[in-house]
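There are two complexes below, and they share subunit A, which is joined by subunit B in the first and by subunit C in the second.
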Partner chain A sequence: MWTYVVRRLLYNVPVYLGIIALMMAMLRVRNPVMMFLGKSATEEQIADLTERIGLARPFFFQYLEFLGQVFTLNFSQESWQQPGKTVGDLLSDAIVPTLWITVPSLIITAGIAIAVGLVSAFFRGRALDKSLVLVATLGMCISYLVYIIFGQYFGAYKLNDALAGEGPFDGKLFAIESWEPGFPGNWIHFCLLPVIINVVVAMGYDTRFYRAVMVEESTRDYITTAKAKGASKRKVMFVHMLKNAMIPIITRVMTTLPFLFVGSVLLESYFNIPGMGRELLTAINELDFPVTQTFTAVFAALFIVTNVLTDVLYALVDPRVRLS
Partner chain B sequence: MWGYTPWPIAALATPRARLLPRIHSKRELFPPRKTMSRKSLSPRLSVLALGLLAAVSPVAADPGGAADPGAGGAGDNPTVLNLPMRSGGPKSMDPVFGSTVYDNKAAAQVYETLLQYKYLVRPQEYEPLLLAELPKLSADGLTYSFRLKEGVHFHDDPCFPGGKGRHITSEDVFYSWKRMADLSNKPKSWWLFDQKIVGFDQYRAEQNAAAEDGGKFDYDAPVEGFRVINDREFEVVLLKKVFGFRWTLTMFQTSIVAREAVETYGTRIARHPVGTGPFTMAEADWTATKMVFNRNPNYHECYYPTEWMPEDVEAGFTEAAGQRLPIADRLVMPFYPQDQPMWLKFREGGLDFTQVPAENFREAINRRKGTLKPAYADEGITYHPVPLLDFIFRGFNMEDPLLGGYTDEKRYLRQAISLAIDWEEFNDSFYNNENVIYDGAVPPGLDGHPPEGRMEGAHRGKQLERAKELLAKAGYPDGKGLPVINYYSSNNANGTEQSQLTTRQLAAIGIKLNPRLSEFASVIEALNTKKAPMFSYAWSSDYPDGENNLSLFYGPNESPGNNHFNYKNEEYDRLYEQIQEMDPSPERSAIFERMQEILAYDTPFAGAMARTRKYLVNPWLKNFKPSEDFYNWAKYLDLDESKHK
Partner chain C sequence: MILKALRSRGARKFRQNRLAMFALGVISVYGVVALLVALGGIRLEETFERVSRNSIPGAWGSQTSEKRVNDAEEYLEEIESALDNEEHLEYRFAERKLVDLPVEELVERVEESWEIWDELADVSNVDEHPELLVKLDEVEERIDALFAPLEGVDGWMYAFRTYLGTDRQGRSITVRAVYSIKLAIQVGFIVALAATLLGTLLGAAAGFFGGWIDGLVIWLYSTFSAIPVLIMLMVLVTIFIDTPYEGTLVPLYVSMMLTFWIGPCRVIRGEVLKLKELEYVQAATSIGFGRFYILVKHLIPNTSHLMFINFSLLFIGAIKNEVILTFLNLGVKNQPSWGTMINQSRQEVINGFFWQIGAATALMFGLVWAFNIVSDALQDSFDPKHVS
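Our next item is the complex of A and B:
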């Protein structure tokens, strides 16, 4: 297995180098210096700063230097737009709030969606199935932004208003915005509402996906055999069907993993959560190359690693899969 | 021998109301909190609430995230201001690196300048802040003499021996300004000193060259125009008379920093400010979502102003006259990259004021009357529209082969475009009719702004027939034969929609636009490289003097400088150089008028419009007279907790 893992990782090295080269080239279509210096820049200042931040050197040298930083895990380069903070500082500060939202969201969504998918598949074609599919489809039709805006308005502002002066919250059950570390109190206050919104949004997509997977599994011969042998409905669903549906479930969950570290630009922006999505968007908007490059490089690495891990997990859950 | 005269402050202001005499008032600094009234709660919500009691109880103590940031000397019942910042936050607290409004809002709480704006006086005037008195100006107008105020200390910080902030000195002023010359600091505002002080440009060139050659930027090397008399007194010698220089001394980029702090913290000074201001901020108190400032216990003697406008009495802005500053103990500044959470937080009572987002305007303001809606007024909320020193326009690149040039045909073409643009429609469609439309380049409230905003010879639309005539005279009857014009605009909030409106308005006379929408950085790049034939742009005055706006058309400032029109006119340039050296006077005003006539004739821009920023203030926030021209006003603010939600 380890040989397979190492080989797969090596195969991906050229892909990774290509991603970084492409990303760096795309960033350099725009000149950050003029934006950085603002409205009163002189030609002399532009030339000096271009030289000072290393953009005057040939692209190949900039590329090699950045690769060196990535492969030595050297994230000590200072942000161009946030002096006093290194890229490593920004990454480490942003990752925790993001994971506080995304990990619970993934776990809850996957758990509920798989269960709903199973139920829906089991009652396929009946009223319950149709209702669940209808709700999932409706959920998919509504924009993420709508969920956020309405969720914030009703889930935080209006609910808080209704709770004002009562109980221990004094109108402050869910925060309208902001983030503070701490569990469980602060997590419920600052993170639960964004997590609920995330779950509701993802439910539509995931439910339909898992239902389709379960429906496909429910028509397999082994299900008929299990039923013929007198296995209970619950056992058929949660033991036989669920186990055999693990490959697509793993695929779905694993492909989601890298995105856990990216967070949600919209959600973090509206709920003022200082996570990766907000940080990345700010860096892109402000042409903060060191931050954007490092975020992208880390994300690409995570994506490749989770892809390889997915293959390994296939072999672990399905004895028919051989890693070679 | 120099003959000194005080700066002609009075001449700065246009006629305004008589100032009222100094009033001293003493009052309780921390009034007792009033018990809050409580609404009834539905049983279902009560169950939900109780179910989460145990888990959330730590939150209830500090729901707004305004956690105790540390020492503030505030006692048990501190006065905590919650003032929103409508952005993702500042980027740097280092005065020489900062340049945005948000950098200014943050830095102005901890750093101070030699002069400051008078808080309550309009139009704006300045007064000493770190100085004992207004600087004195030599008879030839070239040498300024300064005397620092006694008792001004830097914040206590470990960078000082014993951690005790020392007294500021004349050397601190020059050190702080020299940092602007050091390119390794990536200074953004060198233009404030560029070609203004004797020997400073030479010093900058020499020291940066030495640093580039492997040496060091020597902050101890002398600058001919910087003269230290003693620890408290110093002189600055200018290359030529520059009236705007005194306004430079109010700008946060020229704030005084401690050399020990810069040398101790390096680039971390951007997040570890050590100034003389009314508040202090620890590094840990600047998170990604907010900043927390605490009262500076060693703040020098400053008092609430005793000069105000007549209307300030009724507004209650005068009650704190003579009170020692800062009044509040703590200042929490949460960041809002999105408007909705800021608005909801304000409505919830978690913010002391808010700017009114466009999407909430109709909810709060009666559009026709421009007054607060009764539901809001009944809550005691007050509405403060604040006109900005704004210059929003559509510009032309005077070097563009199609739109540029100084022949009559080229002028007719630009004038036709200007006449086809209907600013009233922009105001109605995008700004709830709150903006001010005016002729010329000098915004309302400043000397040089035409009476009633109207100027003879201006080409203000909408005048379609006249526009068509001029277009025909330009050689393009009904737009025939005129190539499509590339029009650069930012694709920000409503940039796309505004471009569509501009396109439609010009199509009415047969002119076709090709909107090139991109993020602001790309627009700036197109302007700096002279690639944009026509563009949408806005300029906010750096200081309240029309000269600042008129510098946008000064030939030597061509792109990548401020003159993105690349406009060149000998007479205009000569007049600009003249007003730079003049103090406010009727003669200077007349020159402003003449310069704008020249601009109207050549028409390097179509416009203009000035925005109004709309503030809603909760009833418990006291002394808040909103301003968008300066940002060190948090020190004047107080709370009336009895009115708090």
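Our next item is the complex of A and C:
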């Protein structure tokens, strides 16, 4: 197994180099120096700043330097837009609020969606199944943004009006925006509403996926066998089917793991949460190359590692799968 | 190729799916509207034209008497100053113009309206005084009478423009929402077509030729897919900032095409890998057809169902991401789109005004729903084993 893991990781080295090259190249199409200095800058100032932030050297040198930093896990470059802060500080500060939102969202969504998928597959073709599928499909047709806007309106503004100063947080159960650390009090106040919105949005896609998985499993021969030997329908569903459906479920959950790190750009910028997504949006808009690059490098590493891990896990769970 | 696909067994199954046929009908209606808009049914200038006072609710909405008093005041002020500056002939809301009377007559009428309005001005709760509500109705009627009555086509056009109310700048929500259909169809069609074609070409070449081409394509899509979609879109769109293309549709096309080709590429590569082992390919080879000929003539046409499915899915992706990019201030500027409308309605929603966000969401909902249904039906008919 270890040889497999090492080989897979080695295969991914060119991919990793490619990701970083792609991102660095895309960023460097624009020249940040002009934006930093404004239109009235003199030639001298421009040349000076270009030199100082390291953009004067050929792309290949910048690339090698950045790769060196990544492979030695050196994240101490200074952010261009927030002087005095290193990229490492910025990202490690931003990851906290992001994880407080994405991890609960993933757990709740997966839990509910798997349950609904099972129920839907159990009643396949009947009214309950049809209406669940219909609701899931309809929910997918509305923009994420609309969920956020209405979520904030009803969950924060309207609910605060309705509570009229009663209850926890001086009657402001959900904050309209911003974030402060703390659990469970502050988490409920600042994060629960975004989590609910996230869950509602993801529910449609996940329910449909898990239902499809369960439906596919339910047509397998071993289900017929189990039924033939007289196992109750409930036992077939929850013992035989759910166990076998674990493989696609694990794959699905694993592939979403690296995205926990990104957070939701929309949600965070709308609720003004100082998380990864908002930080990235600012970095991209303000041409803060070190932050965007480092983020990409870290994300890509996570992405590749979870991909390899998924395959290993696959083999551990399913004896039919051989790693080769 | 398309004709062949239409006669296949999958296509017959698809045609028997009534819901999918209905959804196709819905898409065609959107398509026809988009075409009409593109042919000049609604000009871009019309989407910026003031058609009434600001934030007027649609046909079946109601507004507070406070706002009505306020609106009446603004109407009277505007008309008065137009009369003072002798610009009353230009004062108009789309088809709605001032009535053709001598200036003195109009001035007098405005004066009379002011007199009634003054009684309402300083009352905080007009709703609680039935006699004042009557006055308010009267002021509104008098203001209405200052405008020439609309007849025939003009009347219908004006009713259409104000049917779903106006936004915060007094622009017609109906006109803007309908104009956006064209934009959505345009973005969806071009992005989905370009990304599907790019993905198909790369995927088919990779699967068929194998070797270093396959390695290269796999490397390419592994690289692109390891960057989160939205981040990729944002970075690609920002490349166009400060170029003449900023705020146009070009950044959207390019960014989405370069991000979305991965899906079709993977699927088509897998399918071609499977197909090229089949007997008919061997038969074609043994007859002496060239490899390129077999790829273009036999293999790619046999993946057309996957191309349709991917096209349909990417269409949805393009429409949805246009909205998201617009919200992040990276989308189209200076023309209406559902994204611009939803983005603008953030402030309105806080004030409890849902007409703009409602109109944009409803129209977008219809189109996305139809494509969702069509994608599902295509999947069921052509690729039933696939788990989505």
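By definition in this document, the second predicted complex is superposed on the first by the 321 of 324 C-alpha atoms of A that agree within 3 Å, B and C clash if a C-alpha of one lies under 4 Å from a C-alpha of the other, contacts with A are read in each partner's own complex, and residues count from 1 in each chain.
As a convention for this text, contacts are C-beta pairs under 8 Å (C-beta built on N, C-alpha and C of every residue); 3 or more make two chains touch, one makes a residue touch a chain.
Bear in mind that the values here come from a model prediction, so they are computed numbers and not experimental data.
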Partners on subunit A (subunit B, subunit C) - clash or fit: clash
Per-residue contact with subunit A, leading partner among subunit C and subunit B: B
First (subunit B), second (subunit C), both or neither touched by A:269: both
Partner chain in contact with A:49 - subunit B first, subunit C second, else both or neither: first
Subunit B versus subunit C as contact partner of A:310, first or second or both or neither: neither
Partner chain in contact with A:153 - subunit B first, subunit C second, else both or neither: both
Touching partner for A:141 - first (subunit B), second (subunit C), both, neither: second
Which of subunit B and subunit C A:251 touches, first, second, both or neither: neither
First (subunit B), second (subunit C), both or neither touched by A:285: both
First, second, both or neither for A:26, with subunit B first and subunit C second: second
Subunit B versus subunit C as contact partner of A:62, first or second or both or neither: neither
Residue range of subunit C overlapping subunit B upon superposition on chain A, of 5-13, 149-157, 185-193 or 239-247: 239-247
Subunit A residues contacted in one complex by subunit B, in the other by subunit C: 30, 149, 153, 157, 269, 285
Residues of subunit C that touch subunit A when the two form their complex: 219-220, 222-224, 226-228, 230-231, 234-236, 238-239, 241-242, 320, 323-324, 327-328, 338-339, 342-343, 345-346, 349-350, 357, 361, 364-365, 368-369, 372-373, 376, 387-388
Residue ranges of subunit B in contact with subunit A within the complex: 36-42, 45-46, 48-50, 52-53, 55-60, 63-65, 67, 88, 91-92, 94, 97, 99, 183-184, 186, 188-191, 194, 208, 265, 267-272, 287-290, 334-338, 340-341, 344-345, 347-348, 350, 519-522, 524-525, 528, 539, 560-562
Touching residues on subunit A, where the partner in the complex is subunit B: 30-32, 34-43, 45-46, 48-49, 52, 78, 81-85, 93-94, 149, 152-153, 156-157, 159-173, 175-180, 182, 184-186, 188-190, 269-274, 278-279, 282, 285-287
Contacting residues of subunit A [partner subunit C, same complex]: 12, 14-16, 18-19, 22-23, 26-27, 29-30, 137-138, 140-146, 149-150, 153, 157, 208-209, 212-213, 216, 248, 259, 262, 265-266, 269, 280-281, 284-285, 292, 295-296, 299-300, 303-304
